[in-house]
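In the two complexes below, subunit A is the common chain; its partner is subunit B in one and subunit C in the other.
For the complex of A and B:
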């Protein structure tokens, strides 16, 4: 672990200088480091403890560390591979490469240490590194950067305050030592500390009420980096949530509220519910495909939070599994978007169409991604969604289950919009010469598709990691046997499901091959009502795709506006301060006299 | 020997009068001479009784464990400023006198002597504040500072009336509970003005934002450090702080209001001035707690604030708001300095906040840490906004019609010429930025020093032993 972190830190500098020679060398360095990390951490035994820079025993490799590190390294490997070609479109390639490597350094550091201050340091390094990549995207990304840093700082500083509160009480920064002692504190203290520490996780994973930054940041960041932001950096927030929920442990710290779920978790579950609601409905409205997927991240963050907060055999495992599913799916989707933008130059859905003919592999990547997000077998998304639903229903939490189901249905609505708008439909005349993305970009997408399907059919590997985490936190581990997954309400066999799917697929393929093909008619060989069709661009249904649905919630309150108005209030106060500064010297004399009088009065 | 620190700059100031540019060349050498003397020829624990008058009757210059590090730091800053600032005619003479006065105010152990040096500093400050046609700002500062100086004089005179001596050490023996608080309130007013605690710090934005490479650094860094020393000496070592809770509350309100004031600013210079107010108010708020760990963290915070603001103000003076397109290294120094001010790892500012928060929580003070962190959020907002704006300046060219193209081209040529940062300034800002990074990785370098200062300043015995020499 120690050597990996050192290589990454040095690698950032190396990547910067190599990028000056040839900009493609930067992503190659990142790819090499990610693969090295993947290899090292895959084989590292759980529970190894190492020091760093002279600090004894500060790095600890828990089961949670292993799981999240592997997710991170998979995402970064695919990102680096993709970047080898994409970097030619990047605006400032040297800084982009160096900061990407530094981001990886920061996030891996977060996962590898239970020392709260060291965790904070790595966290902030990751935040600063990603902070300076975001404005390299579109024009609006500069404003988005400010949202990012302010909301991230709110979370980080809440975390810091909570850390010092704990330190003043217990004299240590090590989370596991603190968790041994915290049970005996007063309830008010427990609530305060838990809320403060979780603030960082909530801000980072984009849960309501700190979700407003996601749309602009993920939507406007450089295209491939949006994959890292959505696929990996929000997982840092989920890591904190999982760590705190499991390590404290929250399950025993607060009183039971409903069907075995304690009151604190219940509050978190409601935050998750609202996140799903907001994410889903806002996503349905979006016309920009990246902003749409950013809202999807909000919704999926809600699913993960619900799963983790359930803190039981099935739900917690489901939440953890959903982390890897969303990571893979978000990366796939954003990389496919990056490929589309690389070829067409726009992210607006209604400016594209019919790209399935020109970019079939990209289309398949996106398709598998959205199938996984919607939770349909045989992709891995189904496994995690099944586990979460099972847990909710077995506890009788029907309101949350309703939110979860609405979220699932809504998710298919909004992910279908880019599919129909970008890939299906009419090919615009200006996109006639668009080619498929270069092979180097296709390889990581294909790898991700393969992983999603592999873990949908054979989820054992991921379940082994997940149950290790559960065992480490003292929970009852999820029961599975080969490809059969058990819960209190029943069980299913993923291999059987896959076989059924393949049989159906093969039957359909056979029918397609044997039956006579339809005749391909070009669009201009028809007329309607005596009019000949001549401009096919007009016949692509993509603008205001879900207008009938959007109308239902047209006048909804906007959280972004609410936050902006708070900022405006603060700016008005600042303007008041500036007003006092600009007064004359006689006004200054007045203030002097006032303070003097105040001091003398207090003294007497 | 100690007196050389004051006498040599003063002598060179007089010597630089014949030609208007001489002072500019004398200044770095004088500062270097001071540093060499301090490092190699002086140790803490010395006292010089001027004219061989015993301390109670005459002026004593005291070099103890508190004034020694402050002297080194201040002279180092003067050396850096001499190398980086663009000193116009006669400014060298002024700054040489300022060097003498700043060294004097740190060294002196006599109230009236410190008043004299304070007035010298004030006079130079008003002149320097008027740099770049900033007469109105300097005038407002004059009014504020004038009243502040008068208050200090009243305090010094009251000390003399009550105790019969002007020496700080001997005056510490006044214990009359009716008089000492009033005396301290007089002193406190002066410090609240000079240390920019709102509402007495209202002069700072107008003065520091004049776009000069001399004013914010001479006043904001050098003078502020010396006055923090004097504040510590009077209120932590000799007397007690009158109504420390009120001072704390004023400082906390000042922190938040200054950050909010910075939020709205459209000019980088004004935003940075408000940030300075907030930074020094944090130091004052922390020092008012009178705990050694907190005071040590406060000095660390002062170190970080002063060095970062040095870099930020210098780069603002030379680049204005034109961005870093042709000055990547300046941009990196600027970014490092702003990240250090906000307190991101691995810069000095993070450790400053860390030690401060840790020490505050240990004495169960919960309001000030919350205020510091809220201020940090606001600071992060506007400093990152300025960083992004300056790094990406000129990338968003507005759609101009063809007629305006020509003027655009002309402007670009002008800008390329004006973006020249003097080599000295480049070296100094980079050096200081590297210092911030080095301290960020090895905070012990500075923290050991500040712990030493804090322990010594809160313990009056070494100081009094030095002055009283064993008996009254």
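For the complex of A and C:
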């Protein structure tokens, strides 16, 4: 672990200078380091302990570290592979490459240490490194960076404060040592510390009320980096949540509330519910495809939080499984968007259309990505959704289940919007000469598609990692036998479902082939209600796709507006102060009058 | 044996699904004081459309149609039909509900792939309507899964014995029936198709065998959805008893649809999110607190 982190730190420098020779060398360095890291950590025995920079035993390789590191390294490998070609469009390639490697260094560090101060330092390295990549994106990305840093620092300062509180009580920074003693503290202290430490996770994984940065940042960051932001950096927040909920004896620390769920978890579950609701309904009304997926990240963060906060055999496993699903799916989707933007230069859904005939592989990547996000078998997204639903129903938590169902059905709506607007429908005339993305971009996308389907049909590998984590935290591990998954409400077999899926598909295909062949006609040979159309660009339904639904919640309250109004209040106060200290005649008069008045008052 | 049972389910769905659809058309016609087509009209329609040369709009259109039918066939295999249970214990409610969406997604994708905006509007409406009916449906069924401590359809079917769930969960059954009306796309929840308004929506560009394949898909989908209702609330039963119960539910649905006008799409969603959701939570409250008759 120590050597891997050192290689990454040095690799950032090396990547910077190599990028000066040829900008494509930077991503290659990142790819090599990620693959090396994947190989090392995959084979590393759980429980290894190492020092770092002379500090003894600061790195500890737990089952949770392994799970999150593998997700991170898969995402980063695909990102680096994709960047080899995409980097030609980057604004500052050297810095971009170096900071990407540094982001990986920071996040891996976070996953590998239980020492709270070291964790905080690595956390800040990851945040700062990614902070400087974000403004390399669109015009508005500089403003987005401010959102990013403000919300991130709210989270990380809460974390730091909680750490110091714990240190003043227990005299140690090691989380696992602290968690053994915390149960005997006062209730107020336990609430305060748990909420402060979780604040970092909530801010980072885009949970309500700190979800507002995702739309700006994911939407405006450089196209491929959005994949890392949504697929990986957000998962850093999920890691903190999983680590704290698992390591702290939450179930005994707080009193029971309903159906064996304690009051603290219940608060978190409600935050998850609201995140799902906001994420889903805001995603439905976005016209920018990257912002749409940013809100989808909010909703999926809610799912992960609900699953983890259930802290039981099935729900916790479902939450953890959802982390890898969403990481893979979000990476796939953002990479396919990056390929689309690489070719067409826009992220607005209604400025595109019919790209499927030009970019079929990109389309298939997006399709499998959304099938996984929507939780449809035979992709891995269904496995985790099934687990979360089973847990909610078996506990009788129907209100939360309602939010989960709304988020799940709502995800069909919002993922279909880019599908219909960007890939299907009429091909725009300006896009007539668009070609498929270069082969180097397609390879990582195909790998992700294969992984998603593989883990949807054979989820054992992921479930082994997940149950290892549950054993580490002393929970009853999720029960599975080969491809058959069990919960207290029954079981299902992913392989049988896949076979039935293939059977259905083959029957349909056979009927299709046996029947007379259809004649191919162009897209502009259409039913047009009897009108003569000259411009088929306009015969494409993509603007305000769900107008009839959006109308129903038009005047919704917005936290983004609310935060902006706080900013405006601060600005107004600043303006007021500014007025009194500026070197203008009125300010001089004011101060003079004030001084005279004071003198008079003191004298008499 | 499993293969035989699956084949039995498919053949039942094919013959009785189409027959009952024909009967439904006859009933609608009688309610509207028309003579109506013969009961075997749907067989004629199907074989006629399947045997014609049609027009296609590219590979995604073809693929979407195959995916639609394939997905529905796959999920139909998991639905218990009377005594025929192909996958005992494995017929998990959520698996079936989510397998269904493969078919819907395939249809939506293929139809929007034609490039006709009417199809897009129809699909957007269908998805929105789905957001309406699925949520109360899943909550009301969820309360039943909670009561029986299993999410296997066949286990719930056999656990009912002589007492139907219709009696044990009357409010849940009402919610499921209202949702069923939306799932089947029958009036008053007919906005996604709306022939007179948006040129049949998703189906606007369909011709010949593509139309035929989607008609078959629609038949299978209806069969699976009503079968689920019969299994969950009316106790399933032996093969012919099951079909009789099926026919009763189907005639009820057709009768309701033949006398009602159409909700606008936002009215439909608004309705689903007020009345059925509240009723579903009343049922949940009763189930969780042990008020099950």
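In this text, the second predicted complex is superposed on the first by the 567 of 604 C-alpha atoms of A that agree within 3 Å, B and C clash if a C-alpha of one lies under 4 Å from a C-alpha of the other, contacts with A are read in each partner's own complex, and residues count from 1 in each chain.
Heads up, the rule we're going with is that contacts are C-beta pairs under 8 Å (C-beta built on N, C-alpha and C of every residue); 3 or more make two chains touch, one makes a residue touch a chain.
These figures come from a predicted structure and were not determined experimentally.
**Student:** Which partner chains sit in contact with A:529 here, subunit B, subunit C, both or neither? Use first/second/both/neither.
**Tutor:** The second partner, subunit C, only.
**Student:** Between subunit B (first) and subunit C (second), which does A:167 come into contact with in this model arrangement: first, second, both, or neither?
**Tutor:** In the superposition, A:167 contacts subunit B only.
**Student:** I want to verify the contact counts: of subunit B and subunit C, which reaches more residues of subunit A?
**Tutor:** C
**Student:** Just subunit B (first), just subunit C (second), both, or neither: which does A:237 touch?
**Tutor:** The answer is neither, since A:237 touches no partner chain.
**Student:** Tell me the contact category for A:157 with respect to subunit B and subunit C: first, second, both or neither.
**Tutor:** In the superposed model, A:157 contacts subunit B only, not subunit C.
**Student:** After the superposition on A, what does A:578 contact: first (subunit B), second (subunit C), both or neither?
**Tutor:** Only subunit B; A:578 stays clear of subunit C.
**Student:** Using the superposition on A, tell me which residues of subunit A are in contact with subunit B and, in the other complex, with subunit C.
**Tutor:** none
**Student:** Would you tell me which residues of subunit A are touching subunit B in their complex?
**Tutor:** Answer in residue numbers: 91, 117, 120-121, 124-125, 127-128, 131-132, 135, 139, 142, 145-146, 149-150, 153-154, 157, 160-161, 164-165, 167-168, 570-575, 577-578, 580-586, 588-589, 591-592, 594-596, 598-600, 602-603.
**Student:** Which bits of subunit A are touching subunit C when the two form their complex?
**Tutor:** Listed in rising order, the residues of subunit A that touch subunit C are 354, 356-357, 363, 367, 371, 374-377, 382, 385-386, 389-390, 393-394, 396, 398, 401-402, 405-406, 409-410, 412-413, 416, 419-420, 424-427, 488-493, 496-497, 500-501, 503-509, 511-512, 515-521, 523-527, 529, 536, 539-542, 545-546, 548-549, 551-552.
**Student:** Which bits of subunit C are touching subunit A when the two form their complex?
**Tutor:** On the subunit C side, the touching residues are 6, 10, 50-58, 60, 62, 65-78, 87, 89-90, 92, 94-95, 98-99, 101-102, 105, 108-109, 112-118, 120-121, 123-125, 127-128, 130-131, 134-135, 138-139, 142-143, 145-146, 149-152, 155, 199, 204-205, 207-210, 212-213, 216, 264-266, 269-270, 277, 281, 284, 288.
**Student:** Any idea which subunit B residues touch subunit A in the complex?
**Tutor:** Within the complex, subunit B touches subunit A at residues 139-140, 142-144, 147-148, 151, 181-182, 185, 188-189, 192-193, 198-200, 202-203, 205-206, 242-243, 246, 250, 257-258, 260-265, 270, 274, 335, 339, 342, 344-346, 350, 354, 357-358, 360-362, 364, 369-370, 373-374, 376-378, 380-381, 384-385, 388-389, 391-392, 395-396.
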